[in-house]
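Please go over the structures that come below.
In what follows, chain A forms one complex with chain B and a second complex with chain C.
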Partner chain A sequence: MLSNVRTLWMVFLKMFKKKVTIQYPEKKAYLPPRWRGRIILSRDPDHNERCVACYLCAAACPVDCISLQATEDENGRRYPEFFRINFSRCIFCGLCEDACPTYAIQLTPDFEMGEYNRQNLVYEKEDLLIDGMGKYHGYSFYQQAGVAVGVKPKGGGEKEDPPVDVRTLLP
Partner chain B sequence: MNEILVQILIIVGVLLGTVTIAAGLIYVERKMLAVWQQRSGPNRVGPFGIFQVLADMVKIFFKEDWIPPFVDKKVFIIAPTIIMLSILMSFSIVPFAPGIVIADLNIGLLFFLAMSSLGAYTIVLAGWASNNKYSLLGGMRGAAQMISYEVFMGLSLMGVVIQVGSFNMTDIVNAQKGLWFVVPQFVGFIIFLIAGVAETHRLPFDLPEAESELIAGFHSEYSGMKFGMFFVGEYLGITLVSCMITILFFGGWLGPSFLPPIVWFLIKMFAFILFFVLLRAALARPRYDQLMSFGWKLLLPLALLNVLITGAVVLSNA
Partner chain C sequence: MAKVIIDNVEYEVPDGKNMLEVCLSLGMDLTYFCWHPAMHSVGACRQCAVIQYRDENDTRGKIVMSCMVDAVNGTRISLQDQKGKDFRAGNIESLMLNHPHDCPVCDEGGECHLQDMTVMSGHNYRRYRFNKRTHVNQDLGPFVYHEMNRCIQCYRCVRFYNDYAGGKDFGVFASSGRVYFGRSESGTLENEFSGNLVEICPTGVFTDKTLRKHYTRKWDLTSAPSICHQCSVGCNTLASERYGGLRRILSRYNGDVNGYFLCDRGRFGYEYVNDDKRLTKVAQKATSDTDAFASVKNLVGSKPRMIGIGSPRASLESNFMLKQLVGEENFYQGIPQHEAQLAETAFNLLRTVGVKTPSLSEIETYDAVLVLGEDVTNTAPMIALALRQAAKNQPREEAYKLKIQKWNDAAIREVVQDRTGPFYTATPCSTKLDEIATQKFTGDTNHLLALSDKIIAAIAGSQGGNDNTDAYANDVAKALLSCKKPLVVSGTGMMSKEILLAAAGIARALKVSGKEAGLTFAVPEVNSMGLALIGGKYWDEAVARVQSEKDTIAIVMETNLAYRFGKKNAESFLKNCKQVVMIDSLENETTAFADFILPAGTFAESTGTVINNEGRAQRFYEVFVPKNEIRSSWAWIDQLTHSKESARHFDTIVEEMIAHYPILEKIRDLAPDANSRIGTQKIPRETHRYSGRTAMNANISVHEPKPPLDEDSPLTYTMEGYHGKAPSKAIPYFWSPGWNSLQSINKYQIEVGGPLHGGNPGIRLIEAGDNTGGDLKNTGSNKTNNGTFEVLPSHHIFGGDELSAKSAPLATRIPDTTVSISSSALQRSGIEGAESLSINYDGEAHSFKIKIDNSLPDNVLMLPKGFNETKGLLFPFFTEISKG
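So, the complex of A and B:
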């Protein structure tokens, strides 16, 4: 009985405490940079697509919401012909970001993706591709990779020696 | 002729006033619950969300009024009107200020008790007519709860009646000019408060509609305006019990003269309405057997003891 009275008093005192509600559309809560929201495709510092269409994200996706088709340009550089994410299926688990070897696919702190038409939740490549580098600055996969696809000549990378000419006897 | 006109004005005023307050309580309850739970509550519709009342009303008017095919149709329709009617009838004996009373009955208090007992019918009939096991359980619980709490609700008021020597509400208020009855009748006040909460089946005594066990209890099958009647009836009940507490224990319209009597009455009434909301915000629902044993084993003897001691004191003073 007495504890009930105490409860009443303590709840009454809550009146003078600060409200915990954040008035959402006007004020927005802080979302950390690694928050798992809307998925984007980023570009490398040379403004080329980072995605090399390796299908690892599509393989990692537990709900199979990513679909893409690989193709090559005239230099042999791989890129996705189309890249489609069905956000009505996506569970924002971030496994695609973990799987990506080139930092191309990234999750962003944005969740305001409501649509009146369900079909609008299917994002194509032009919806996904952003102009910047996302969370990982300065990384370019083809600068590190051994193959020459028009980004750098073979052996022209930063930490790379020029290729050995196996036909000469000189040391 | 003029007297009749004034009387009609009072009737219309009381009817509109009480129903408006009851509807406004939708907003007050939501807002105050939010305040006590450190939330903001309704704040989208109009300044401070005050038009939430209108929005809720419009919504409930436009809801489909569905009568399930398996119900006892006549009783199903009649049940929600009983609570509204019986509580609105009770308001006729409430003196809001000197002269502002519809019927200054000499048995006003008995009339109130009789009318609040009629409220039990609405729960039983709604529960029975719904032809649904949860509704029936809720109805049975409601009936048992209201009947057992009615017993000492009446007894707790007898202390006041013994002190005043009248059932007339105006006499009761006038007898408190020196000292409000909350001081000499403190036990009676506590018992009446608890019984009043049980009588309006508000939290923590909302066992007839315990949503975690019985869906919505006796009004599970109701929708649209019929559900709205139960809703407004509940808020009218809170208003009525707050009015009765104000009149019986807190001196009704009496107060320092810098405010008109009706304002004093409303201030006190709203304080108790807010207390009802605070009860809802703070306390958990007891188990059904706890409710019953609390009523019969603790409150009934206390109420009887209160009557006995009050009677003895009044007799020895006489």
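So, the complex of A and C:
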């Protein structure tokens, strides 16, 4: 008996507390920048695709919902020919972002992806690629890598010496 | 046996090994780079350091390189000692100083020995903060991609390319920190085995350019054990698929056949599988809406007069099924009669001549070689690679006398230098193997036959005359008799039965003189021996038959008749048939004449058994199920007589075949049957890390399809199944925990470089026996000599094989079609300085550009076999020449 009265009293007191529910969708909840929502592909500072089609996101994905095919441009710069995420399978774990060596794949604070038709949850590269750098500004993978691929001359990256002269006899 | 102590545990190990081999064979994980089981130790990379102790009281020990320590009684080392571990981690850190941050864009990533070893040694974080040295890359041609920044200077590439494979256009340049591996200038790597650099290189300096065009990581590939279909050697390969296309070919270790290596034709000649001209649908001429397959089935079901044309590039099962369908007396071999007889001769000789036919790896153990009439570098390249190793055997003996161990490669090379053992060639023109030959000899067919007779006589002890031929014959006989194991290599390259008989005669004479002789034949195609075994009537009879019986229906299987007999002959044959059913994989000039087409699988989309040049039956498996109507030829034929529900499985067909051909009895054990399980599981073709399953088909439908079932083999098409080490007869890929690269093969071998656990796959069907009696004279008639010039076929590794020539990367390496002639012959014919010359064949004039080859005898011309302009020419023939 006493317990029931106590419960009623506690519920009554709640009427004077601040509401936790908000009037979604008119009002939006705050989502921190590192919230794991809709996946995007970003571009590097030179506005090129950051993705180098290394397949690490696909390998890391626990539900195998990422599939892509690598190809390269005339300079040998690698990029995905297609890049597909099946969001009807995605569990938004963020392992793909963790695995990505180029900051290309990122999770964003957006979850509003509801669809009536499951097929519409299959996102291709055109749906994923954004215009900016996303969360990580200024990073360009090809400046760190040893390959040239039209981005820089050989040896022109960060912390690289110019190519050695194999014909020199100096010690 | 020697007793060695590793980390205070005593092991018994075989003699003549080094401690690295011993540790790896015992299944221990020890890091290494420069050592390779086929090329042994040089002690260059310092990565396999261990601590060696004098005895049990020694607590300090010293650092030694395990690959340079002989495993003798009492050797005491430690892998676990912290000093050794620190040394290995420190060493790899130095090797990694200049290694670029490339892994995501490097094709080796995920199957990189350097990655594996770095992780294994415990060097996890880079401390180096300074500039890295860089190198300019070279364009090495259509096969190999060069990215020199990644090099860790292990020297494996140059040791393989120059020392093992005899390459001349590759080397190591510069000094100290600038060391550079490449060519003296950009350009195509010319050696036939350049593709092995991809597997030899422990990191990504050399990668597969054909894979690069449609790159996929190792873990994403669906792979199956396969057999190379591009020549008669039958090298074991791993063929891999992704998204419905074949992505690459790797060598699949088989200690009896190709070991670790493959030739470039086999490795890079696979692109025809992905060709736009693949036949993918059952088709009926001039109609599109009816059920074409029902029509074929009705046609065959109405029991018409049928003939079947079999093929040496189709599997045993396919040929057998076709023979069963049309009946024994209606089955014909889809190759020129002369070629069929050659293969039969080779097949019979290997069984009856009483001389052992060595396996490919056994060829490396012979210490004297005579190559008669065959340009093996081009007809069966892997035999040439094995012969190059055999040629080093006798000079190596000298090193062994100096008590240098067999694994001590650097020291042995120092002793051997450039010397090669007794190695004799006798061919129509100079071949690439002449560069290691002690002496060489060129001549036309009759000249070579005369030489052979003289060699046989000289072996028997007669001196003979004293002209050039006699002198050469005496030298050869003397050299072959003074060694332990002489090997005679020949083949169907000259298209001469007499040459085969002569080679067999020499080998037998050696055996009779008490030598452990060997005899190896190269034959034209992957299943030439199989077709010879299945047997079938000859082509000429088929031609006569359709001429007389106009209501014949021909079923042509995996044979491009225009390629084999010339367009004119093929056309007239096909027009004489009432209807033609073609089972083939690629659209070609012949398929245009087909009334019905059943799309056949290439090696990648079918399962079957083929017999290689030594009589070894080997099984290849379907790599993937294509998303169209393509299937194995035998499955098509089965469906013509059975309904889909009652279709017979592969094992049933094999059993039926064995019932008809008792000689095939052993192929029952060639592979586990389709019902075999490891525990309760099948063997998956996909790795356990296979990615993208729920997305790869999502663009078509988000509802994932049921994966295809494999009812014909112990493998599955999915990643579900047994992920331990697969049995040796069905290894779809090599992987072991911590060993993602191909070096994980170590874990599949009983001892490194030795046979696989469970035995090397493949079963030899024919053994020579000891009967050295019987007559070796040719019973057939010789071709009449109706011209001054004998035209012999020349063979080309690139272009000499019908299907691989259609692969884009290989196509760029195919030479122009030229006729080879010596300058003195040109002069004698009075057409000196001519650009091209014209020859007569079958009453028709053919004109070819001239290529001067002064090694040719004056009465011999050579034309490339199997090229577009020379298809349908039946070698050898005689002709007159004229300008034009």
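Heads up, the rule we're going with is that the second predicted complex is superposed on the first by the 168 of 171 C-alpha atoms of A that agree within 3 Å, B and C clash if a C-alpha of one lies under 4 Å from a C-alpha of the other, contacts with A are read in each partner's own complex, and residues count from 1 in each chain.
Just so it is clear, contacts are C-beta pairs under 8 Å (C-beta built on N, C-alpha and C of every residue); 3 or more make two chains touch, one makes a residue touch a chain.
Treat the numbers as computed from the prediction; the structure is a model and nothing was measured.
Undergrad: Is A:Asp165 contacted by the first partner chain B, the second partner chain C, both or neither?
TA: Only chain C is touched by A:Asp165; chain B is not.
Undergrad: With the two complexes superposed on chain A, say which partner A:Cys61 touches: chain B (first), chain C (second), both, or neither.
TA: Touch partner of A:Cys61: chain C, not chain B.
Undergrad: Between chain B (first) and chain C (second), which does A:Asn86 come into contact with in this model arrangement: first, second, both, or neither?
TA: The answer is second: A:Asn86 touches chain C but not chain B.
Undergrad: Looking at the overlay, what does A:Thr21 touch: chain B (first), chain C (second), both, or neither?
TA: Touch status of A:Thr21: first partner only.
Undergrad: Mind working out whether A:Val147 is in touch with chain B, chain C, both or neither, as first, second, both or neither?
TA: Only chain C is touched by A:Val147; chain B is not.
Undergrad: Between chain B and chain C, whom does A:Tyr139 touch in the aligned arrangement: first, second, both, or neither?
TA: It touches nothing on chain B or chain C.
Undergrad: Taking the touch rule as given, give the residues of chain A at its contact with chain C in the complex, in rising order.
TA: Going by the criterion above, the answer is residues 52-56, 58-59, 61, 63-72, 78, 82, 84-86, 88-89, 101-102, 118-119, 121-122, 124, 141, 144-147, 149, 154-155, 159-169, 171.
Undergrad: With touch defined as at the start, can you tell me which chain B residues reach chain A in the complex?
TA: Spelled out, the residues of chain B in touch with chain A are 35-40, 43, 278-279, 281-283.
Undergrad: Would you pull the chain C residues touching chain A in the complex into a rising list?
TA: Going by the criterion above, the answer is residues 100-105, 109-110, 129-137, 147, 149-150, 173-178, 180, 212, 214-217, 219-220, 243, 689-696, 698-699, 701-703.
Undergrad: Mind pulling up the chain A residues that touch chain B in the complex?
TA: Answer in residue numbers: 4, 7-8, 10-12, 14-15, 17-21, 23.
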